[in-house]
Each structure stands twice: as C-alpha cells, then as structure tokens.
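Going in written order, the chains are labelled A, B, C and D, and every chain counts its residues from 1.
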C-alpha cells in the first residue's frame, strides 16, 4: 500500500499514517521527496486491508494498492495450477473439457435427448437449469426441485456428471446430493450468503463472473468460496456489460490470460450468454479455445425455436456437433485435446 | 413488438411469425415493403414477451420491442405518483426526505449519537447496516442480528423510523418486525429469491439500482417486488459502473428524470456510494435535489476516520449539517421543502 | 511513481529500475519489505513520465502513478481559479454563464431569432454550428464558412459574443477572426493536431470531454491546448458512453466536483447532448447548476420539429425561457447568480 | 423505421408522421392496435434517415430503426467479400495476413532490423508510426516526415509493403506517395475531415475502431471513406473502453463475427493496443485467428525495454517468432493459412 501525502502535510498527519499502519501489523518506510512524503506500507497481508483505512486520514492525497486484494485464489498463495473435478472430469488438467446442455430443463425427454447428443459430440459434463433467475417475474422460472430430479435421473441414464445453478442458500439441501457441481450465476456473484453456503458445502462450483465485475472482484468472490472451505472452484467468463449492443454482453477474452497469470484456478468460457445469438456462439467458442481456456459451457437444445428460455442463444444438435469438430481441432493445436469420455460414462447410457 | 424479416423471407417463414404471435394472444399486422416484410405484433401484454421468441424463428432479421418489458412499475399501468411511507415519513409526496446514518452499526453509542445528530440536522429516517455485503471475505461483515436490535432500540429512543439492508431471504423473520423498511442492495438487485421474499413480506422497501443495471432492468426488478404483493417500493439510484475511476461509481443523474417519466414509484439518490469519497458527496447530493429526486440516502458517522466500513465516503456531523443547509435551500427552490420531523419523532428522543 | 518488483527479483533487476529513474532525473528510495522490494520514484516531474518506462523492465510486477499525468491544467501547477472570457463574458468568476443557440446554423433568420430570444431569457453567449461532425456521411454537414459569416453578422446585430466548433486545423484561418471562441467537440478531444493548432491561436476554447475519456485524459487534452500557448480553456462535460441507453450519453455529474478539485480551469455542462431528448434537458441543466458548474451550453431552436440537426434535443424558446427561470433561482442559491447581459450587448441589437 | 405513438395520440399527430415520412419518399403503413397506433415507415433508404426526425414530432413515444444506418459498408449493399490489397498482400482472401513493426519509427537501423525479422517470421506488411498521437503533449511525438522517408527506404530494402498512421489531412500529400496504405487511428475514427481526405486519396486504409464506438458507428465511419471514393478499407478491432482495467482496453472478440455478418469489408485485430502488455498479446492474437479474423496488426520492437513508445506492449523478436508459429498452426486449422511472402518481396532485401 502506497500512501501519498498532500504537499505540505504536517508531521502529525504523517505520524497518524505510520501509527495506523503499525496497528495493522505492517512496516512503514517513509520516502521524503522534494515535494511530498510518500509512505510505503509493507507486510505480507496488506492485500486484505482496504485502501480506505488510510485514505480517510487527514493529509492523505491518494492511496494505491500494491498487493492484490484477493488471497486464496491468487497464484502468489498457491503457485501450481488447481485441477477441479466434476464427477470424473478434470478441469485445469491436460484435457480441454466441454459442459453442455439446455438452459432450462423442460422435460425428461428433452434432457435425455440433449445429454445423449452432447456426449456423442464430445461433451463430458451435462448442464441444465432447474432454478432460473429471470429478468422478468412474468417469465418461466424453471421446474425447480423437479428439474433437479430429472437431472439426477439423466445422470444415471447417461453416466454424465451434472451441474446446475443454485440461486438461494435455502435450496442447498435439496440440490447438494443430486448434482456433481453447483453453478453460481452472474447475478449472484456477489451474493455473499450464497457464496458462503456453497463454499461450506465443499461441492465443486462453477463461479460465473458478474456482468459488471472486474477480474479482481471475481477473484475476491472466489476467495469467499475458498475461505468457506471449498477448494473446487472453476471460474467462468461469460461476458461483461459494455456500451456495445450487437452482442448481449462483451466477452472479455483477455480475461482468460489475465486469470491464468493471476490465479491457480481453472477458467472456462460460456460463449452462449455472451453472444446472446446462436450465430455468434462458434466465433466465441473457438476464440476461447485458442486463448487458452480450460473448457467451455455451451447451451444446446433439441428444438431452440420452442425452448422455454434462451432459445436464441442455444445451438441445435447439428450446430453443436459441427462446432465440436472445430473445437477439437483447435484444442489439439493448443496441446490440450478434448477430454475423452470417462470410463464410467462409456459403460452407461 | 416489431419483427423484421430478412430480404426474401418465404411466405412460410412469415406465417410462422404470425402463428406464434397469435399463440400469445396478440394481433399481427403485416407491412409488406418493397424490400422486406415487417410484422407489427400488437396487444396490451407484449411487454411481458421476450423478443427472443420471435428472433429465434427462421427468416427473422431483427425484433424490436415497442412496449416496455416492465408492467407494474410503469406509469402506463399506474399514472399517478405512488407515495411510500417509512414509518410516518412520506417519499414521493410534497416534501423532500432524507435518510441518514452509518454504513455499519458498530455500537449503541455510535448509532444513537448519529441518530440524534441527523435528526437535528433535518433527516427523518435512520439507516444502519447490520448485515454487510463486503467485497472481501476478510472484511468486517456487520453485527448481524445484534445490529438489528440496536437499530430498534435507537428507534425507540429517537422516534426515527429505521431502515436496514437484507442480504438473505433467511434473515427476513429476524428483521421484518424490527425495522420500518428493508433495503435491497445493489449487488442483490437481481437476487430474485430475495426480491420475492421481501415483496411477499409487504414491508416498505428501498431498491437500489444494480451497478450494471439499465433503468429498464431496475424497473423489472421492482416488478418482482410489486408482483409478490409489495406496493411500497422506493427506487434508489447509487451510481453505475463505467470506465471512469475518479469516483467509485458514476452517478446517473439523468436516471432521476428517466424514472420520473417511466414509473410512478418514488426515486431517491445515494450520493455516498456513488462518490466513494466524502469530498464529492455534497456535489452529488445537491445535484440530486435539483434533478428532482424525492429524497437522499446519506452515510454519516461520528468518527469516519475510525469507522469499521465506508469511512471514506461518510460525512462527519459538521459536514452533514452544512450539506443539509444547502439541500434545504435547493429543495425549497424546487418547490418540495424538507420533510418536517414527524409528530411522533418530536415527542420522543 | 511506485515500482513494485516481483517476489525474488534480482539485485540486477532492482538496479536497472534505479538507473532508469535516475536517467530521468528522479530520486529513488527503495523499500525492502519482507516479501518484495518496492521502489518509490520521486521528483517534481514524474507526472510526465509514462508508467510503461518502468513496467517494461524485467522483474517489475506493477507500476503505479502517484503524480497526476497532466501538469498545466492542474491545481498543483496553478492553485487559483482561472477565469476565461468569451467576449465580455467571464467563466469561472462570480457569475453563472449560459451559452445557447442552435446545433446547426441554418439561416440568418433562424440564427438572429434564436440569438434575440436566448439573450432575452438570460444567455450571454451565442453558439451555432457551421462545420458539423456527423455520424453519417449522408447527413447535413453544416453551412461551413457561410455559417461562420452568419454568426459574425448576428454578433454584430445582437452584441452577443459567439462560439462555434472547429473540426479541422485547416479551417482555423477562416474562423479565428470571426468568432469569440472556438469549440473542440467530443469526437476531436484527442485530435492532437487540432488541439495544437487551436492552442497556438490563443483563442478562448471550449474543450468538450471525449465520450470515452477519463477526467484525467480530458485534463491531458487541456494540457495540449495550454502547452501550445493558449490559457483560455473552458472544460465542458457532455456525457460519457456507458451501457445505459435511456439517454444518449450518461452525464457524469460528479466530474464537476472532480474537476473543481483537480484543475483551475472553469467547467461547464452541455445537458443537450448528454440527454439526447428535450424532455430530459432541464433535469440535467438544473443538476449542473447545483453541482457547482460554472455555466451551461444549451441547444435552442425556434422550431425543433424542423431543425436540420439535433432537433430532438433542442429546446423551444418557451421551454428555454422556463428553464432559465429555474436555472437562475438555483444559481442564486449557489451564490453565483446568472451573469448580467454585458454593457456592449445592452447597447446593441 | 417504426414509429410508436403515445396512447391517445390525435389523428392530426398521426397525420404529421405520415406526411413527414412521405416527404422523405417513404411508404407508411399504419397499425392501429387496441392501445396505440404504430406506423411502419418503409423504403429502401430509411437507413440513412435519423430516428430523430420522427421522434421530435408531437405524440410520438418512440422510434425504432429497422434498417442499419450504414450503407456502403453493409453486406446488404455488397453481398460478396471485399478483398483489399496493401502492395501485393491481400486481406479478406484465402490467406491470413500479418502486419507487424514498431509502434514508433526511431531510426533506420531499428526499422530495418524489425522489418527483416518480421518478414522472416511470416509477416507480409510492415507498420511503423511516423506521426504519433500521444495522450500527453510532453511525450515523444514521432519523427514525422523523416519517419515516412525511413519507411519508404526500408520498403525498398526489404520489399515489404508499408503502412503508417495519418493524423491530419494536411499530411496527406507528404504521405500518400510514400506508403502503401494509411492507417486511421482509434482517436480519429470520427475525425470526419480526415476520413474524407483519406477516402478521396483512394489509398488503401486500415480503419481502427474508435475506443468508444459501436460496431454500427465503426461501419458508418467506413461509409465516410467509401462515400469519398475509397473502396479499399480494412477494419481493425483494437479493444474498446470498459470498466475492466487489467488490460488497457477490452478486445471485443465477438466484433469479428458481428462484422463478418454485417459487412463485406475485411477485418483484422490489433492485440497489442488492446492488451497493453506483451504477456497478454499472444492470448489475444490466437483468439483473433480462431474467431475468424482476416489478419493481425502486431507491435514488434528489437529492444522493447528501450522503445520510445509502447514498449510495454511490443513483442521482442523471439516472442514474435514463437507467436507466429502458433498463429500459423491455428490459421491452418481455420482453413486460411498464413499469406506466403510475395514474389516482389522474395526478390528484394
């Protein structure tokens, strides 16, 4: 933490900064320039301090953070790459992994057909929404618990591990034993009650980036999960909100590289929500592979024209199969071929 | 809803659009131009339809919403201004109302001193945070239930009605009988479980705008509260996330005018979170009054330098008093003077 | 400038940082923490150094600017408020000043009628566009030189000083003797050839903020004008680009307060371009007065319905007159009443 | 164009809309719903009309554009892909093309060494900045005309066609005969004087996207070039301004797909300016190839640590060579291998 005093700050003001720093167990080194005093607040834990605790002191002009404000998610804390497993599928390891399935679970038939197809095309995890956060209270809100049970049934039938979004800590008990991983959606990235509850469950978790969250805030949200005891966090970039409206959100493709440098956690990309339109999903999915992501999360539906939610951004079976061919070829060039379908999956469905 | 077909769309494709529109109970009028067919989908309820249900059909080039996608919060639904009461204080009526208090409740002494001071300076509602959503899991998270009880105690001692933020539907029972209004914070604006629970409680609610929410999405979130049965919703603009970093968020002052035209709900402004720095709070507070807001929500602390949270954006007692002088003068020019301290408040404290 | 080395940086790497700093005439103080070396680069001119010159060195983790990167526009450089004069009208002095007129000059009749009306309503400077930067090459591009001459004619007839936008350094000769001030538009804020040319002319200049410019970049652009010799720069906030679409741009009302603290230059607000719609112009105009702006720049047209450009955001004579009543009342509360019409203006027109 | 009237609009107000539409040569079809009148304004040229000409009329609630507002750059205007040539190198054809070179031209030696290296690694066009637009007036501004001459000299010595940025219409004469293509930078994307001048020159042009420009505005800027007579326009995505600060700008990778659908012009990506840091350039460059871009524009410098500008985002020779290996492999998977070095280049240098 670097604290710049205003020109002409008094000795008393400088002393107050020093004293406060020491009260947090930090060392202080004063740099007395010709113009101004600049104090360097040093110590291994300054990342967890708010800049405000110094900025609020009289005579302080600016405070600048040097250490990142997240800890458990950082590569400084854990240098080696974390590998997260959803069922028998590894994220962050030598293979590229694809999660696919419908936005909303609508019926057993819809879910099973989709599961079989995406497995055939090379996906190794099934996603399906049971509790749907919708912008309007008048839209379809998902099948709820019934959807979770359908997901479990299809897992049994196909051998694919399953993931579903949780939107309320109160649903944890009803979900935790029936899915292989939980997803925290973009609108709940800073729902700290939810983060803590999911972290405490120890369940693998896909943490979507908030639509207005910086990478730093995203990693702080991961810290909530990790601090609660979870160590199985997969980050998922899904587009941020910008002024551009030709896509629903702007996929921040550079975030893949930024996260890889800053964190040990695996990171995947959801091209469907970023694009908002099926015709742009392949562009983003291919870019994600080449950027070095660990996997993809893609919406697929047997009949997008009649889907109960997000049909516009869902791929048909044919489009998904074609895309998986491209993804597979690019993943090989990147040295991380598609994950093979797991042994368990082979024997089932 | 206006559906534009691609050039050369087939009759079959146009028919599919017409059929889908009718399946939702809408009328359709086709406009056959020299270049393209454009279909107008008419009906009083097209606002609740997603544009995607048409965009996903083959041969459709674009779909444009004409009706707004919120309903209960709109002025078309209810033309006359809604007046919301927190305790005996009206928002949206002939007076300008100020809510003030500390970001976090820290102790009975801190809360009572603040309450007495802000009441003296002209505020008529006390705010105080008990459950604090913090970006880092390592920061102070609030006193929780104990904070709620302190709030109730100070309400009894001062006569000021009180408001506090709720961050989890599970806390509702513990809060609902002890506060006069609930606040939903910016990071929970699209936490639909929370919105529904608070709406069902029938409690007055201050709904902060999400930091990446459009005005339209904000009013859709209000629809969640209203649809659940609540009719006591106060909107609160608190700054949106933009590229500018000289303030913590960018106060969208125009949103006051936009909301006033679009909705019947009262709208107030939180200059503290937008500014992020006490020196800029008066600028924003004064602008809010002149823009036509119904009130303000301001953070005040007896000793910001030692506050446990948000000290940098909190006003001292002196600064708050000076600001209230300016606010009062501007409010009179705007024809909506400061709300007088209520009769109940007069007799107490 | 604060340079943070990576953990385990070599002595050689630290030495390279020190050497480079000294090569720019700066002092260096090393802070050797338990974890990392942090170097403070001190000196009165570090604001003009790019952070990149250190960030590019091996072993450097981050570089943080302490000094602001603008100089001539800063309050550190010149503590007292600069007062800029357009004709006999002062900006930044004890009076609030209003510039008004049509977006595009269309005819002598249109311009004269507008000038007379806005002067009557309390404006003291006339604006009118001759060279119009338009998003589409197929839109009306302004009357060009003829417009400049109409402006000069109406100045003579009404006594109002005039301002017009310059879009190309090549137009300088044709404009400089015929207007009282030049305006640099938002899309040219970083057109450095234009900034230098206008700065060298010594003409008073209204510098609009770029629609994606931070306040810092805006003040750097002002530095271009000031460095070229101009000292008569008025800053004009006109809205930035954000994700919100209910207004054309998002007026950054806090920028008024930020600029007032950071710079000695006067700052005015253009509510017309920010709002994009006449119905929202008064909201923004009033907010600007209360936020502490030094003036306003407002589009007014005798017949907005038939204006050749920007009719939607132009006020009618009646609406402008009503708004000026509100502006005047708020300005008085702020202690800076409307500028009286100048003596020269009194005697003319 | 779809014009929605307010509820209860009068017949006279509807008539005014119809009349105005007809005055622009458009057909009108009225849709009289139960609630409101909606008018569809049809005709092949409504894209060039501003929505404002209707929005400003009394009784109009909203106006929605159906046709895109650009024309010459659109695929509707020219369905087949345009191939642009810089020297003998084609953009938009069967090969992927890479433009590389230093941000600023510093010396003959620096430029020649870079040219030879990038040609060796597979680049086929040399870029080098002579006139540099810099954020601060106190930064290095480029060698100017001398730089242009160095560029021409190195072109002769290596056979590589060359491109350089133009920042002022007045420089056109000095540049046009000495370079193979002109570049218009991000800060000048809406400098319409410059666009018109460059368009009239007929020179191939790389048009960078403005940092706050939507894809639509970018294509409107291309229309300026095309309307002035140029037909050799290459679009270049280089990152947009968002709230995220971990990269200098946010590369809008989806824009590649959006442009490919909307326009016939080739589109390339500049990963250097988007990233702002050399370590992230490969991530973005690879993503661009996989997204389907037609080429790349990359900054390379023999000694980035001592570069006079943008050293932090410049690749070393080694890093560039490694990246070109990855780019080549990905380009082959995409079915568009790297452009072979042209015959002219072979025989020279």
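We adopt the following convention: a residue touches a chain if its C-beta (ideal position, glycine included) is under 8 Å from a C-beta of that chain, and two chains touch if they have at least 3 such contacts.
Computed from a predicted structure; not experimentally measured.
Colleague: Going by the touch criterion at the top, tell me which pair is linked by more C-beta contacts: A-B or B-D.
Modeller: More contacting C-beta pairs are found at A-B.
Colleague: In terms of CA centroid distance, which chain is the most far removed from subunit A?
Modeller: The chain lying farthest from subunit A is C.
Colleague: Calculate how many whole Å lie between the centre of subunit A and the centre of subunit D, each centre taken as the average of the chain's C-alpha atoms.
Modeller: Those two chain centres are 32 Å apart.
Colleague: Report the inter-chain centroid distance for subunit A and subunit B in whole angstrom, where each centroid is the mean of the CA atoms.
Modeller: Between these chains, centre-to-centre, one finds 27 Å.
Colleague: I'd like to verify one number: the distance from the centre of subunit B to the centre of subunit D, where each centre is the average of its C-alpha atoms, in whole angstrom.
Modeller: Spacing between the chain centres: roughly 40 Å.
Colleague: Residue numbers in subunit C touching 2 or more other chains?
Modeller: In subunit C, the residues touching two or more other chains are 212, 241-243, 245.
Colleague: Quick check on the complex: what are the subunit A residues that touch subunit C?
Modeller: Of all residues in subunit A, those touching subunit C are 2, 4, 7, 27, 29, 31, 33-36, 38, 40, 42-44, 62, 64, 66, 76, 241-243, 245.
Colleague: Can you check the complex and tell me which residues of subunit A touch subunit B?
Modeller: Residue list for subunit A touching subunit B: 48, 50, 52-53, 55-58, 69-71, 133-139, 167-170, 187-188, 190-193, 196, 210-212, 217, 220, 223-224, 227-228, 241, 277, 304-305, 307, 310-312.
Colleague: Quick one: which bits of subunit A touch subunit D in the complex? Just the residue numbers, please.
Modeller: Residues 212, 214-216, 240, 242-247, 250-258, 261-262, 274-275, 279-280, 282-284, 286-292, 326, 329-330, 333.
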